[in-house]
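Letters A, B, C, D and E name the chains as they come in the text, with residue numbers starting at 1 for each one.
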């Protein structure tokens, strides 16, 4: 085996990391320079990864059906924009967004219902754990059977996948307000809903946003994988599974790249909203 | 003994009975081989396993093998135990379909992973666009079961004569409730289960010899399975780790498979040509774009003569 | 002067009589009240056999060593803690009913501001809950923040305020709505003498103007004497009432009343009571 | 001090029994409601096929026939609860657990890679979170790519991962477990980054005044403060790890395990088998989540968390 | 008496001289110190142009209206806040270096106990961090908890304690280890007069015995006068030093020194300084 590519890769990695270490230590006065650094550092990290990837694939002569170098993937993306866009619409704009909204909503409302009623708390929460791991590959075919081939069955899978993280985090979050704050609301004879909206939900927000963040990527995986089990002939999961069969691994990675980009932007958006809503939380103040 | 790993195209079932029988009955051992059989599935691409060094030889369908070849993985057909195709299109009679022309305006469910190309080829022969319009057909990618037909989510679905067809029957539809179109009859058949190895490995005479012994023992296994379908089914069941198969189904499958087997392991060049032609005409987005070169060799089967 | 009962032996009876004299209605009435906390470490008796009547319009201060049960007693009145013995009524109802009727405002020992609300939003919190109109909320928030000298800090978040400012914000929050009974747990603990004097005056003024009943925990003997119509001295573990001192001071109390001999005499008596409690320990 | 004695410390005898009753009754009621709805759906979803079948056979039928027959189909759209239960009974109690037809055997296969993957995933998640909280370069550069990694559809690249791992000599339990790891480390990273940053400013300041080292601040402050987040994350992570283990069984040839059962059931149209495997998976998840919940309660009790502030 | 500089015009210069006289070494030295917070709502100037020298072994109290910057100043000394202007040295080093040398103990205005630790574990926290032996930890925890009258509460969790008890636990935590410089931010705010007197005595005793340097924020004028060798009066927004008062009281201070005319005169002067600050407002 030829060790040189590996050694070169390690050296390159170390150099890039050192550059980043140096960059994050800079604390420029102007806020625009700070913002630039905030983009530059992850970008350098990412570019490093890509260069390493390219180098390893070429250096070790890895078969193109196993791994495609980023440059080839990029060419493929550039030449297949209409296909990628159509797939994105089908999978992300329909299945993911709708499923995410409904799944998170259902998890949240169930948590409130459980919180509201001690009866449900004892009766439903243990059963809620039950749906926590309905495996996607078992559920997806059933959903196709029930809801047909188009996006609603994928949205249903997403709902099931996102439900539990939201439920657990909201239940935990609702217990996060401090005793003295709850006492204060008691002295106002605040109603259940007033206490919920004015105290307990704000205090639960950090937990709820955790779920929203985790779900943002989970929803995407769920929708794509669900498409492996029956679809009309469009969609990111459809494309991935068929192109694997055609040995067009570059197209597979092109779809994955789109998924990664969409997922990261989605996550980033949730994180931005989190920053705005839970600005008061120590984790936001110190960071 | 020489170690050898065989990667199957699909999960353990009577479709691969010959190999399991050869292993179980000691035919491989007689040839000085120690064979490890790896089951596949929809999420196993045998070509990748072969390219990654996870197997020495694989069972694959010719379209998929040719696609891989064009994409730069030089797989070569070394033997072709299956001479005929078992692929069919099964429709419900109540949809009014009696002949392929009636597909117009209907929904066809097909597997992908390369299985869509013969269908595309067929449809372009029929002059039916695949755009979902009333003048054409709607294509759906279905999972590997017959539910879409039973649930009336599709008017026709692809099915193997040895497996899905019988599932439809078992579900309660009688032969009279369905119409079956055989790909072979429609002239769009492609070669199915063949054995493939990597080109560069075949340059080594020792490897060719090993393959020859392997093919020989496998054919012996197939012969035995053909003669003893019931026992072959049991051997398959023994090797099924999921514990999900039933004897009835596997025995019937073995009987159907027997009908697809050829006389010998050698590839029939006419069938090969037919497959290549079908694929090259598949339509706008063909799986292979040019005539493949050196995609098969008789080197292994010649040694058996 | 003649009202000061110099003999500490004559206690509860006298004071109750006095209070019921003060006005017809009683606001708080505790009989044989006791409270024991169960902890990982065995039970802690925080209150024991407390008998007390507070009449309408009284200003009652609670004073006693740290950990003697002052906070616990206020919390029992406010239905934040359930007594394990005895009986208590607030406005003739159970504390729970009184709480549901929003009978009181409470200032906690720790500020307890919500970090996601600005100061003005924190003060507006009870107003929102009790359904005051927007305009009314605005007006009241403005007025009470001004009262506690926090004008100009409306838009700040709690963590951007000093300790004393946070405490003042929490006082403003309790004063923003009209409760007939005010329960205040060391509200002025973190304030300097001058602000404290100012707020003392404001509080007395408010009390005189509105006829509120006030229950007030403090550690400052002069403050207790200056503000109260009655001073309850408590002793620790288990918290008991060891002395009840009626104040003979007039309702009108300029700040310099604190240098009068009457004042000093009462202060002295409170100090004696406290010291006695401590030596119990 | 043992777990149980802590959980019920300070209780009279009979407390346990009462608590059990207090929980059992609501669960039973909710459960019956679900089963009832399920039966209703069984009839509703299976009826079209059944009516079709009657018509093909040209037989007369009544509503009672329909209800009865929809609950006894061989390939139902939705099997009736008792069908699923009977199948589960048959494949658990009624079968030797070493047999390939035993659901317990398959559940064990899945459970072992779930647990391995979950343990590695949680450890990896916590370690990454520690790195992110303590190292600005990691915070800035790693997190976005961890997120991006999670948007890669696992089922798409799992075959490649398995092949690559196979090529470097890893096979058996570990490759499957690594897919569980891949899915389960993420909730832990997200939760623990938040948790490690949740101490109040004043608490961090206190540690600064002691000039506590990073390690000390971590163990004495950040870690205990993050525990509520840890448990919540672990509940999510273990559930996802199970999903990952099942997904991971596919590219390894779907040889055995609940995923293989699900897939085989689907290939051969054995709906009841699918549902019993689904149930087994769900039950496993419920048990795992429940165990973490108990752990949470014990640890929180030991940390003196106030009654009622406990989840 | 002669040391008291009755003329408030003669300030900084005189005091600095005095302090450097008091002992050779300076512990804290601030020059032109300023600190501005950036908030959502515009900048807040918390400290402006503060010059101050604290010599070794001094007991310096800070007094001033709520929100004037006392806490901020202590935090700057402790390297918990970075000044935006001017310069500060602690033991001749930057505050960061001094902190790293564990030069001081800090008592925060809010108790800030860790809710998951019992009282004794909370007090042991700094000892664990600084690597004291098990036995030593035990002994010190016992001793300091006893000092603040919390013996018997070792095994309780913070929320099972009253406000004053929590504050005492946090004082115990800062006294448990040996720092030469003690920074205390209103440590006795939530305590009753008697406990407070007791702790004042204890603190003076500790100070006399160990020669520690103490920076002490308080709102109580008598407390400041009773404890300090020097009293710094601050005025609000931006926090400035408006008066520095040297105490002529002897080091030995029985509690009844508080009734002596010297004492009352200093107290008067502090009160005047405070009032002047308030009128600035």
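Quick note on the criterion: contacts are C-beta pairs under 8 Å (C-beta built on N, C-alpha and C of every residue); 3 or more make two chains touch, one makes a residue touch a chain.
Owing to the predicted nature of the structure, the values given are computational and were not obtained by experimental measurement.
Trainee: Name, by label, each chain that touches both members of the pair chain C and chain D.
Mentor: A chain counts here if it touches both chain C and chain D, which gives A, E.
Trainee: Which pairing of chains accounts for the highest number of C-beta contacts?
Mentor: Greatest number of C-beta pairs in contact occurs for A-D.
Trainee: From the centre of chain C, which chain's CA centre is farthest?
Mentor: B
Trainee: Indicate the whole-number Å distance between the mean C-alpha point of chain A and the mean C-alpha point of chain C.
Mentor: Result: the chain centres lie 52 Å from each other.
Trainee: Just how far, in Å, is the C-alpha centre of chain E from the one of chain B?
Mentor: Between these chains, centre-to-centre, one finds 85 Å.
Trainee: Just the number, please: Cα centre separation of chain A and chain D in whole Å.
Mentor: 18
Trainee: Could you give the separation in Å between the centres of chain A and chain B, each centre being the mean of its C-alpha atoms?
Mentor: Comparing mean C-alpha positions, chain B is 38 Å from chain A.
Trainee: Please set out, as single numbers or ranges, the residues of chain A touching at least two other chains.
Mentor: 66, 141, 145, 178-179, 228, 241, 244, 281, 285
Trainee: Multi-chain contacts only, two chains or more: what residues does chain B have there?
Mentor: 42, 45, 48, 51-52, 143, 145, 147, 151
Trainee: Which chain D residues reach two or more other chains?
Mentor: 77, 155, 159-160, 163-164, 200-201, 250, 263, 266, 304, 306, in rising order.
Trainee: What residues on chain E touch chain D, complex-wise?
Mentor: My answer: residues 75, 78-80, 99-102, 104-106, 108, 110, 112, 114-118, 125-126, 128-130, 157, 159.
Trainee: Over in the complex, which chain E residues touch chain C? Could you list them?
Mentor: 37, 39-41, 44, 63-67, 70-71, 109-110, 155-157, 160-165, 168, 185-186, 189-196, 219-221, 271, 274-275, 278
Trainee: For chain A, which residues are in contact with chain B within the complex?
Mentor: 63-66, 141, 144-145, 148-149, 228-233, 238, 241-242, 244-249
Trainee: Residues of chain D touching chain B in their complex?
Mentor: Touch residues, chain D against chain B: 49, 53, 56, 74-75, 77, 99-102, 106, 155, 158-160, 163-164, 166-167, 250-256, 260-261, 263-270, 273.
Trainee: Help me check something: in the complex, which residues belonging to chain D touch chain A?
Mentor: Chain D reaches chain A through residues 22-23, 26-31, 34, 45, 77, 136-137, 140-145, 147-157, 159-160, 163-164, 183, 186-187, 190-191, 193-194, 197-201, 204, 228-229, 231-233, 235-236, 239-240, 242-243, 246-247, 250, 258-259, 262-263, 266, 274, 277-278, 281-286, 288-290, 306, 308-311.
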